[in-house]
């Protein structure tokens, strides 16, 4: 789960990583009297806020008031702004990049840094990027900071500041079960101090049970995706016309892949998961129908999820929702015979192989 | 370093290990109004306080005041009482033993527990003692608590409480660099709650630089030992008459052993350590002379500590303190020749072997 | 030859009285696995499918278990794994989904310290037809043979194994690595085992988009494996940045795309199937 | 045969510009040890006794060091050890005294994970006459020979080694385990090495009161060692409960007494010397 900039900075503050003085407002009445130049930052979970007009500067009370009024409720790259972070303006001398993330290949945390911050890290040449895997049992140790400050060619004063930030950043990464904790840019301010001008913190969703202080929000998801998420489904909306219900992330992906290779366009990704209950199947139909697909493909390889359960669910969903769409079903695996029998009694012929089902549903959809 | 009971309990409280309500007084004026039965406990770092009259009970204001006046300034097993812990009296139903200590053989922390608490753990039969080594990399995990509560035959209610205490006790052990953290007794109170009726916390002296909140006190040491400690010497006062200065703990021990095997009685243990400076040697003489020995043995095997440095130190100390005692010196190892030469010029003949030196000093002391 | 486990391996189930523990301990018994005991704190003395239940792993070590299947809720997985490792069990399979990956990292490196295998979390386990099954793969799809399968997916693995079996071939060992960001085993671990196993003549690698494990596996195959290897990559059609259920399927920063993985395999001489169903023919 | 290190081992010194680092790097060079580099953050480009100084261990790994001697203040020892282990160095000797034992525990188990030896803290290191010395034992007392010594003490070790040399014998390997509550190596680690080393014919074990390592060593000798072993135990005269400089010398709870150790050795057929000076004769 992505945290907002202000949430990340609250954590940084708690861990004594320097951040600019600032406060959050969700209405113009919460704006404090102007005392010194400030930056007004839209709190939306998307990059490129600056270029999209989501960040404004104010050097007097009037411009501050205007900026707040203008930004609150506006849209930044499609996302509605409901909170603003109003912060002291920095006197930026240099911008650096600093993050800790999971290196999935090495199965270890990795520290990434660059003297070239403030831009997309992807466009910085390899030679300017410091990468260092951290042994998760040992954790962060100061020698890593000494290696980094040498790479960054920091003087003693800057090196000391960075080496104070690094262990705290690693603590944040660990304590908050982060996938990513990123400071971009880490700013060298006019006063010679390093300060985190932005924050990007992504918490492993599987760990949210121990971080209940954060409301579950995810503006990158559509309302339907959020509904599905709240019901426990892996569900992604796509651009096509073929509704898809399958079981297992890999099989569901393979189903979409097969549709696309046959020039069929999936409307969604829906993984039933491994729970064996007709209700789960009925609710899955509810979600897929809300996405209003032209046709629907059900692709089940029975294991934990048994074919007869899915068949019963399909029959129940048909009855409950009066499904109008053409429905193509493929059943294979555990209790395949029983499942096919249930469907047959309700006038549905199920395929036992995946490819004919895919071909059939694509032809129904008018593709290929 | 040993902590006082009240210091240990402050830590317990901070880590949410239940302790009785209470407060510390160092003068009768600090005693609060009596509200309910209390126990008044002398804060001295020695066992057997109860049997020695260092613990009193009070069921009204008058007995409380008397107990405080009686105990403050009194001696408990030779130690002067300067602080009292006044605590709510417990309604003790059962007493258990619980501790975490370093198992030096396995080089791991060890959890020790027994249903038979309140007495010396040494006298409890082996079969009633639970011992479990804890992997220091993994740390405490709940399965250890489940094993323990099963061993203790605790009901669900008690088991839950104990499993809440254990991870915190381990945290104390780790965070405070403990050699030992012990609750004896852990009391089952009348209200059905487990509560730490006493605390014994020993912090690794080498770690005190990161625990500067505790004043360095050690009432088990004599004033001379404390002086030596503050100057960085390993120094122990003993009952005999032969002052000993040696280098290295092992060689110093071996020197004492050799003296005793020759029926000589050492006055002290003093390990010069590995620092090569005449001042260290001179100061060592100062300490040994303060112990007023009949004779003095210097036993040096030169390594880091070089023989000529020690010789120069001996000469300087003789001059400075006008040493009257018979002085037997043994020098061997690095810069032996130079050292012996320095001594010779000042009228001291040094042995090169340990045993003749030991024999000589014992004969001077009038032993053997 | 032993590939993590064999027909003599004794298995326990931590959390055997739960829904999954009950069902899958029964299925494992049917498969022929020696399930010798289970745990469920406070339920000692009961039995599940005839398997005796104990409070703690330490209470059943007289049964000499070689492996454990952990099926407890995510907050308790780390403790259960440490309990098994502390008791000296050398194969730890975690069935549970949604284990925080920071927990898995800790478990993984502590398992390695103790010379133990970690399988899962959130994977279907290991199946060796005719010998042993630990995990949740459907019993019916297997046939003893010489094809080894390593897969990051669950159901898709069954699909592929089923196709192999229906085609008349069979499997020596099937390992589900699991779809979590930090899997207990990766492809190279599995490939080393398959490469050394004399009962394995052919190998199937079932990958997914995300990460660079498939690329590293391709490199390993190029250097070390002379057995026939066929691959499949799920997620060719995934739009960049869209999540596909597995955190492992996030396409990030241009690495880990299906194209990059397919290219890596083809350069290592490994043919990549367009459809799962094509795999059996490509193995022939 | 290699016992932790040999004549080809390349050694670095972390904290080489400190008093101890400077002195002992010079002594090691004189002994013949290949001291190839040292570290001292911010002092790269300098040299100590002709040895080049670098900021970080990672900056000198092109010199292919096999071992490090760490001589930094106690609060920095853990970081220095992790720096060396991270860089892949497989022998870590910590000269520093007064390292908190909780730090040492962490270092020890992480060293083991990485297949590295930990020597010290607070011990004199390892010396192999004619081959290599890592640590602070005086150069002059050694002579190449067939007696191996493992000791919990420093100066006492020199005394005994000197006596052995003066008696006309010599040493194959001398290991100072250190006097800390958690030593990086214990007697059994050393005895295993000595037992396997063909250059070692006789073994001296120098113990102290406290702990039960000597008792366990005696048991190990009884079961595994057919070479001649002689022991000495320091602290026979220590009054119970009095601290003797080493935390290792606290007599607690009736275990770890000199009597118990002497008894254990004698029951294992190991003669125990009354005086350190008796050892050479007992070895003959």
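The chains carry the letters A, B, C and D, assigned in the order they are written, with residues numbered from 1 in each.
Following the convention adopted for this analysis, contacts are C-beta pairs under 8 Å (C-beta built on N, C-alpha and C of every residue); 3 or more make two chains touch, one makes a residue touch a chain.
Computed from a predicted model, the values in this text were never measured in an experiment.
Novice: Of all chains present, which has the mean Cα position farthest from that of subunit C?
Specialist: B
Novice: Of the pairs B-D and B-C, which shows more C-beta pairs in contact?
Specialist: Result: the pair with more contacts is B-D.
Novice: Just how far, in Å, is the C-alpha centre of subunit D from the one of subunit B?
Specialist: 27
Novice: Need the CA-centroid distance for the pair subunit A / subunit B, whole Å please.
Specialist: 55
Novice: State, to the nearest whole Å, the distance from the C-alpha centre of subunit A to the C-alpha centre of subunit D.
Specialist: 53
Novice: Could you check subunit C for residues that touch two or more other chains and list them?
Specialist: Those would be 109-110, 113.
Novice: Using the touch definition from the top, which residues of subunit A touch two or more other chains?
Specialist: Each of 135, 137 in subunit A touches at least two other chains.
Novice: Residue numbers of subunit B touching subunit D in their complex, please.
Specialist: Touching subunit D: residues 102, 104-105, 107-109, 122, 135-137, 174, 177, 179, 204-207, 209-210, 234, 236, 238, 246-254, 256-261, 266, 269, 271, 274, 301-305, 332-334, 353-355 of subunit B.
Novice: Under the touch definition given earlier, write down the residues of subunit D that touch subunit A in their complex.
Specialist: 41-42, 55-59, 76, 78-80, 82-83, 85-86, 110, 113
Novice: Would you tell me which residues of subunit A are touching subunit D in their complex?
Specialist: It is residues 135, 137-138, 141-143, 146-147, 150, 156 of subunit A that touch subunit D.
Novice: Write out the stretch or stretches of subunit C touching subunit A in their complex.
Specialist: 74-75, 97-102, 105-106, 108-110, 113, 124, 136-138, 140-141, 151-159, 162, 179, 181-183, 186, 206, 208-213, 216, 232, 234-239, 242-249, 253-254, 274-277
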